[in-house]
Amino acid sequence: MLQLIEFLGIITFALSGIVEARRKRMDLVGVYTVALITAFGGGTVRDLFLDRTPLFWVANAWYAILILVMAVAAFLFPGLTRVPERAILLPDALGLGLFSIAGAGFALDAGTSMFIAALLGTTTGVFGGVIRDVVINEIPFIFRSRYLYATAAFIGCWIYMLLIRAGIEKGLAVLIGIAAVVLLRLAALRFGLRLPGGH
Amino acid sequence: MLQLIEFLGIITFALSGIVEARRKRMDLVGVYTVALITAFGGGTVRDLFLDRTPLFWVANAWYAILILVMAVAAFLFPGLTRVPERAILLPDALGLGLFSIAGAGFALDAGTSMFIAALLGTTTGVFGGVIRDVVINEIPFIFRSRYLYATAAFIGCWIYMLLIRAGIEKGLAVLIGIAAVVLLRLAALRFGLRLPGGH
Amino acid sequence: MLQLIEFLGIITFALSGIVEARRKRMDLVGVYTVALITAFGGGTVRDLFLDRTPLFWVANAWYAILILVMAVAAFLFPGLTRVPERAILLPDALGLGLFSIAGAGFALDAGTSMFIAALLGTTTGVFGGVIRDVVINEIPFIFRSRYLYATAAFIGCWIYMLLIRAGIEKGLAVLIGIAAVVLLRLAALRFGLRLPGGH
């Protein structure tokens, strides 16, 4: 279950990485590298922090091969990636939800406390994008975003964990958690929700 | 003993991260993230390099919760963090000393050679600040600082280890090592000590 | 065998880091840090990803000591590092080849699939330079380079692995793989080979 969720998250994040790298007019290596970093970054940090071994993408080579196919396709059919900036917001929100809840689930499985699981879930969700932005030398998105992003992931992780604690069936809790992250993020974008103190 | 030192280092570094992030007018998520990165960065790299598991902040959730309370307090009582830049230099020097000596101690416990222990101690002391600067897209402090910083940590680690080798009681060696780092750093700031070749 | 190759790669990459840091007029700590990051970065990421422990430079303190001697020598005899930018291209290509093939070999030894081994080999070859550029706040070289770089490493890893599969003696396969990376990289520089889509 968590692995299916993770698979979907990898696809959506790889997609967002490819679109962003194409917009920067990178060549195939640049696009593939940015796609890998965006898709694998959060989960890699989570696996290293939790000492899970082997890393999810080392154990399953098909992830990296699939992203290579996606990156090549983006060059063969450039029209596919010529999308408006807004079009990336939905898959990005979905990826955030998928990775955060999967990350929190893996952390709980590894025996961490709930607060740490929420923190690691959020890290899994946002870190791929942070490394991507650092590598292409921009101020990371989570420091630039005016609207809830990491906060949406953090709250979604808590909803997921509290539902599990309340005895809800796990698959249902996962779905509700993911939906909570996505809806919070989209609502933040739509209604301009933000935390106090930002500029 | 090493853990108490580490706890104090976490507090001082989180404080310096919060002050810096507030000065950049970040929102709560940004402030909390920068505080976590500054406080946990060095120790996390050390634990990953030494394969110590679980990570110190995964094992002890109270560190992350305490830093969240500190970050929220910085928003509720903004006057607390409106300090002149100079005011951060003392806690920063203290954090550098605490983390470096604790890092060298953990490395020796893990069986590394003394040179590697000095290197890992220095890394533990400076890396949180390096990642923080990279993430907020500035040239890392240790490359900008005109005066001894990493060098103070490196020398302090050697003093600590040589005292241990000389048979001094461990708690005393820790205190002398930390004092050496702090005094060297403050003397460097006061008297403009620097390494050859800097500009 | 792989360790001898790795040793040579460390020397060449440390050299390229020292030259680049000297050109930026860094002080001794900056030069040593950049040299360490360039020389150890790729192998450290590989060891962390493969959960190899202890890290190669923690196990062998002489690497770090040797690089310190090199960094000090660069200050005592500054003429040594006042080389034209072109002069760094050959050792850099050599380091790329040495690290990539050694990385692919270690990955195969750890039981990864061939595609992942090629990916980890390439990562080992290019990551030191990527972290170096991120730390000194430049857009990483592999995103700026107009000509084949990571691609040369990737192709060389496949040549090495296919030769091994074909039953060629391992030492010979290593040499051919390294030669392939170096020649591809130098040919790319000489004849302007590049991937489609770059700008």
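The first chain written gets the first letter, and so on, giving A, B and C; residue counts start at 1 in each chain.
One rule holds for everything that comes next: a residue touches a chain if its C-beta (ideal position, glycine included) is under 8 Å from a C-beta of that chain, and two chains touch if they have at least 3 such contacts.
Small disclaimer: the values here were computed from a predicted structure and weren't measured.
Viewed as a network of touching protein chains, the structure reduces to a complete graph with every chain in contact with every other. Interface note: subunit A and subunit C, two copies of one sequence, contact each other through mostly non-matching residue numbers (shared numbers fall below half of all numbers used). Distance from the subunit A centre to the subunit C centre is 30 Å, each centre being the mean of its Cα atoms. In subunit A, the positions touching at least two other chains are 48, 51, 134, 137.
Interface of subunit A with subunit B (complex): residues 48-51, 112-113, 115-116, 119-120, 130, 134, 137-140, 142-143, 149-151, 194-199.
Looking at the complex, you find that subunit B touches subunit A at residues 25-31, 33, 36, 44, 48, 51, 53-55, 57-58, 61, 64-65, 75, 134-137.
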